[in-house]
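I have a structure I would like to understand better, so I am pasting it below and will then ask my questions one at a time.
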Amino acid sequence: MSQRNKVVASFAEAVRDIPDGATIGFGGFAMPGTPFNLIRALAEQGARNLTLVANTTGGAQQPRMPDIALLVENGQVRKVICAFTAATRASDVLPFTKYYEAGEVEAELVPQGTLAERMRAAGAGIPAFYTPTAVGTELAEGRETRVINGREYLLEYALPLDYAFVRAHRADAFGNLRYWRSQRNFNPVMAMAARVTIAEVDEEILPVGAMDPDDVHTPGIFVHRLVKVPPPPEGLWPQKRQERNR
Amino acid sequence: MSGTKGWNRQQMADRIAREFQDGWIVNLGVGLPTLCSNTDIGGREVIYHSENGVIGYGPIAGPGEEDLNLVNAGGQNVTLKPGAAVVHHADSFAIIRGGRIDATVMGAYEVACNGDFANWKVAGAKGGGIGGAMDLAACARRVFIILEHTTRDGRPRLVARCALPVTARGVVTLAATNLGLFEPAGEAFRVRDLAPGVTLEEVRAATGCPVLA
Amino acid sequence: MSQRNKVVASFAEAVRDIPDGATIGFGGFAMPGTPFNLIRALAEQGARNLTLVANTTGGAQQPRMPDIALLVENGQVRKVICAFTAATRASDVLPFTKYYEAGEVEAELVPQGTLAERMRAAGAGIPAFYTPTAVGTELAEGRETRVINGREYLLEYALPLDYAFVRAHRADAFGNLRYWRSQRNFNPVMAMAARVTIAEVDEEILPVGAMDPDDVHTPGIFVHRLVKVPPPPEGLWPQKRQERNR
Amino acid sequence: MSGTKGWNRQQMADRIAREFQDGWIVNLGVGLPTLCSNTDIGGREVIYHSENGVIGYGPIAGPGEEDLNLVNAGGQNVTLKPGAAVVHHADSFAIIRGGRIDATVMGAYEVACNGDFANWKVAGAKGGGIGGAMDLAACARRVFIILEHTTRDGRPRLVARCALPVTARGVVTLAATNLGLFEPAGEAFRVRDLAPGVTLEEVRAATGCPVLA
C-alpha cells in the first residue's frame, strides 16, 4: 500500500477521462463538502450528456459558487437526481428551473434519505430495499409497495455512480480520508457508490501511514485520485454566506 | 385577523418547543421551526439533529465565530454543544428512519385534520423541494407543524383534505398557527390552545374543516 | 447533553432490568470487542428464555472466556442467531453443540455479512432488503428471491434487538464511543439496532465535551448505559490466545 | 499419492498467491489460505482485507508484538501496514458485497467442475460454520479455493457435482490442490498447472469428473 500514490497534480488531470454520458455524484450540503474545484474543472473539460447526483440542483448559494447549476447552464447535463428540484420558497427561482421547465434537462426528485440510502446500497451490493419514506405520496404513484409487519413500504433501487467528486479535509497518499464537521455529509456514501472517486483535499496530503487507522472516515480503497486544493484565489473554498434580501 | 391578537412567529415556535421533553432528539426544519431553538424550556435538554449528520448542534454562530464547514439543515453556520458527534448522510438518515428522532418540526403549506400535510410542492410547479421532509415525516415519532393559519389572501391552511401533493399521510401530531395549537382528530381539528385574544369562532371561520373545542 | 450522564456503577446494575425473553446482541469477533464483563453479569442476573445474536455460539476460544456459550450452558437461552452454529473443523466440538443437538436450544444460521446488514437495516429503519449472498444454497430453500438486472437476490428482513452489549475503548459520559482496531467489528451496528445499548469501556470515562465530534465511532444517542471495566483480575480483558493442540 | 511428489500446503498457497495482481484487495480465509500471505510475489502489493473490518493488515504479530484488540478472520493477532483503515462489520461486508474484493481464497470440502463449492457444513451435521464465506463467495470478483485433491480415505474432492450443501454456485475461478491448479470448465476441470512429478493420468484417477489437459 505504501507505494500506491494517488496524488494528481491538477484538477484538470483528475477529471480528464470523464466521458460523455457518465453518472457523477457530487458531495456537499450547502457549502461544506462541495467539490467546487473539481466542478469547475469539469465545466472546463466539457463532458456532455451527464447524469448528476447531488442534494440540490445548485445555484441557490450566495455568493454564487461553481456547483452543478454551472454544469447545467453549460449545457453538459442530461439529467439530475436530487432531493430539491425547485426552490423551497416559491418566490426564489433557481438557475436550473429555466432548463427544466423548457425540457432541456430531466430531473428525478428523490427524498434526501432515500437518495443517501440508494447510494449506500449501491456501495454495499444491495440492489434494492424497502423504505417507509414517500409512501402515500405522489412519488410512490404506480410504484411497487409491500406491507411488512403491518406497515406499507416502498421498494427503492440502488443508485450506482461512475464517478464521485468529494471534498475532504485531510488525506494520506493512499486515499484514506477525513472530513471536518458537516463537510462529511454525502461524501463517504458517494465514494462507496462510485467506481472512481476523485477527492479534493483541504490540507497538504499526508504520507501513507500518517493517519491512524481508527481515524479514517473513508478508507483509501474507495478513493482513486487526490488533488490538494490551492489557497485562494487559485483554489475555491467555502465562503461566508451572504443573506439575500427578500 | 388583527395584527395585535394571536401569536407572532416566535410565539408559535415557543408553543411547539414547550412540548419538547428532557432528552428528546429533535430535528428542526428550515425557516419558522428554527425559532424553536430560541425558546427557554427551563432545565430540559434537547439534542438537535440536522439532516447533514450533525448531532448536538447549538446556537447559530456569532460574527467571527463561524466554522464555514459546519452548517445546519438551512445552511446557516452553527456551533456545536459538548457531546456533539458527526456522521455521514446515510447514517444521519438511519437515525431518522430508524425512529430515533423524538420530534421533527416543519413548516407546511397545508395541514389536514386526518393528519396529512403538504410542504414540498406548490400548485403548478414542475419540480419540488423535498429535502429530508418525507423521511422525517414518515419516521419521526412526532411531527409538529408551524404555519400561518391562512394564506396571504385569507384561504385556510388547516383543511379537511390537502389539495397539494402530500409529504406524508396521517402523521401530524400537532400544528401551531398564529391562532393557536391544534391536533388533527380525524374529521376535525381539536383545539389544544387558543392564542391570546383569539376566539373559537374566529378559528372556525378561518379553518377549512370542523374545529372541536 | 452535558447533564446527561449515563455512567452506571456496576455491571450488575447495568443488566438488572433485562427481562426473560429479551433479544440481545453481543459485539465481538474473537476476543476483541466482546463484552465479557456484561456477559458474566447477565449469567449472574439469570434472565431466561433469551434470544442471543452474535457472530459465533462461543466457547471456542482458548483460554475460555465468558461468552454466550456460558449463557447457553447456564440454561438461559432459547435461541441463538449466529454465523457459526458448528465448529469449522469437524473434529472440534463446541459447548453449544450438545444443547443444540439435544434440541434444548434453537439456532438460526445466518451468513456473517447478512447478519451485520440485517442489524444495520433494523437500525436504519429498512424493514427488508435484497442480497446476493446465499442464493442457490440450502439457506435460501423455500425463501423469496427476486431477479434484479438479471441477477438473483434473496430477500432478507431487518433484525432488531432489545438490547446490545458492546465493548468500546473510550467513551464520554454522554455515551459517544470509540473502538480500538478490530474491537469495532459488530459493535456499532448492534448499537444502532438495539432499543437499549449497554457499553463496557476500557478507559476511564471522559467528561462530555472531551471527545472531538469527528472522532466518534458510535454517537451517544445510540448508547444508554456505560460501565468502566476495572483492571484485572476484577475486570475481564482480552487474553493472549492459546493455540490448542490438534 | 506419494508424499514426495506434488505440492505441499505452502506450495499450494504459493501457486494461488502468484495469481494476485498489483493493487488487488484480497480476503484470505482461515487455515490454508492464510499461507498465501507468506508467498513472495515480488514488487506486487496486495491489500489484505478481513471480515472484521480490517483493511490493510500485515504479518502475524510476533511474540510481544501482539495487540490483543487486533485480529484477522482467524482470530490471530496481526499487525497493520501503513495506510491501513478499520471499519465496522456492516461496512466491511459492504466492501465485500459491493464487489471491491478482487480475490477471496478459501478452503473447501468439495469443488465441482461447474464452479460450485462446499465449505460450510459436513455430512450429517446439525449446525454449520458459514462465517463470511457465503458473502465472499457470492460477491468477490474471483474465488480461489485451496484444498487437498482427495479426502484422507482417497475419495475425490474435485467432483462433477457437490454432494455437500454448497456455499455458492458457479463462482470458483481456480482450485489449487496438492496435484496442481485447476479451472472449472463446465463438465470438466481444465488443468492450468501440474505439480512437479504429477501426471495427467494421476490427476484423472484422483478426480471425480473429466479433466481436460
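Just so it is clear, A, B, C and D label the chains in written order, and each chain counts residues from 1 on its own.
Everything below uses one rule, namely that contacts are C-beta pairs under 8 Å (C-beta built on N, C-alpha and C of every residue); 3 or more make two chains touch, one makes a residue touch a chain.
Because the structure is predicted, anything quoted here is derived from the model rather than measured.
J.: Under the document's definition of touching, what chains do subunit A and subunit D have as common neighbours?
T.: C
J.: Please work out which of A-B and B-C is bridged by more C-beta pairs in contact, and write that pair.
T.: A-B
J.: Centroid from C-alpha atoms only, then distance subunit A to subunit B, rounded to Å. What do you get?
T.: Each chain's C-alpha centroid was found; their separation is 28 Å.
J.: What whole-number Å value describes the gap between the mean CA coordinates of subunit B and subunit D?
T.: 55
J.: For subunit A and subunit C, what's the span in angstrom between their mean Cα positions?
T.: Chain centroid spacing, subunit A to subunit C, equals 34 Å.
J.: Quick one: report the Å distance separating subunit B from subunit C, using the average Cα coordinate of each chain.
T.: 37
J.: Spell out, as numbers or ranges, the residues of subunit A touching 2 or more other chains.
T.: Correct list: 117, 120, 124-126, 131-132, 179-181, 184, 213-214, 217.
J.: I need the residues of subunit B touching at least two other chains; which ones are they?
T.: 54, 80, 86-87, 90, 93, 96-97, 139
J.: Building nodes from the protein chains and edges from chain pairs that touch, which of line, ring, star, complete or other describes the result?
T.: Graph shape, chains as nodes and touching pairs as edges: none of the named types, so other.
J.: For subunit C, which residues are in contact with subunit A within the complex?
T.: Residue positions touching the partner: 117, 121, 124-132, 146, 148-149, 151, 153, 157, 178-181, 184, 213-215, 217.
J.: Give the list of subunit B residues in touch with subunit C in this complex.
T.: Those in contact with subunit C are residues 23, 25, 45, 47, 49, 54-56, 80-87, 90, 93-100, 139.
J.: Enumerate the contact residues on subunit C facing subunit B in the complex.
T.: 1-4, 120, 122-126, 172, 174, 176, 192, 208-209, 213-214, 216, 219-222
J.: Flag every residue of subunit A that touches subunit B in the complex, lowest number first.
T.: 29-33, 55, 61, 83-88, 90, 96-97, 100-101, 107, 109-114, 116-117, 119-120, 131-139, 169, 179-189, 217, 237-241
J.: Within the complex, which stretch of subunit B touches subunit A?
T.: 30, 50-54, 66-71, 75-77, 80, 86-90, 92-93, 96-97, 121-122, 125-135, 138-139, 165-169
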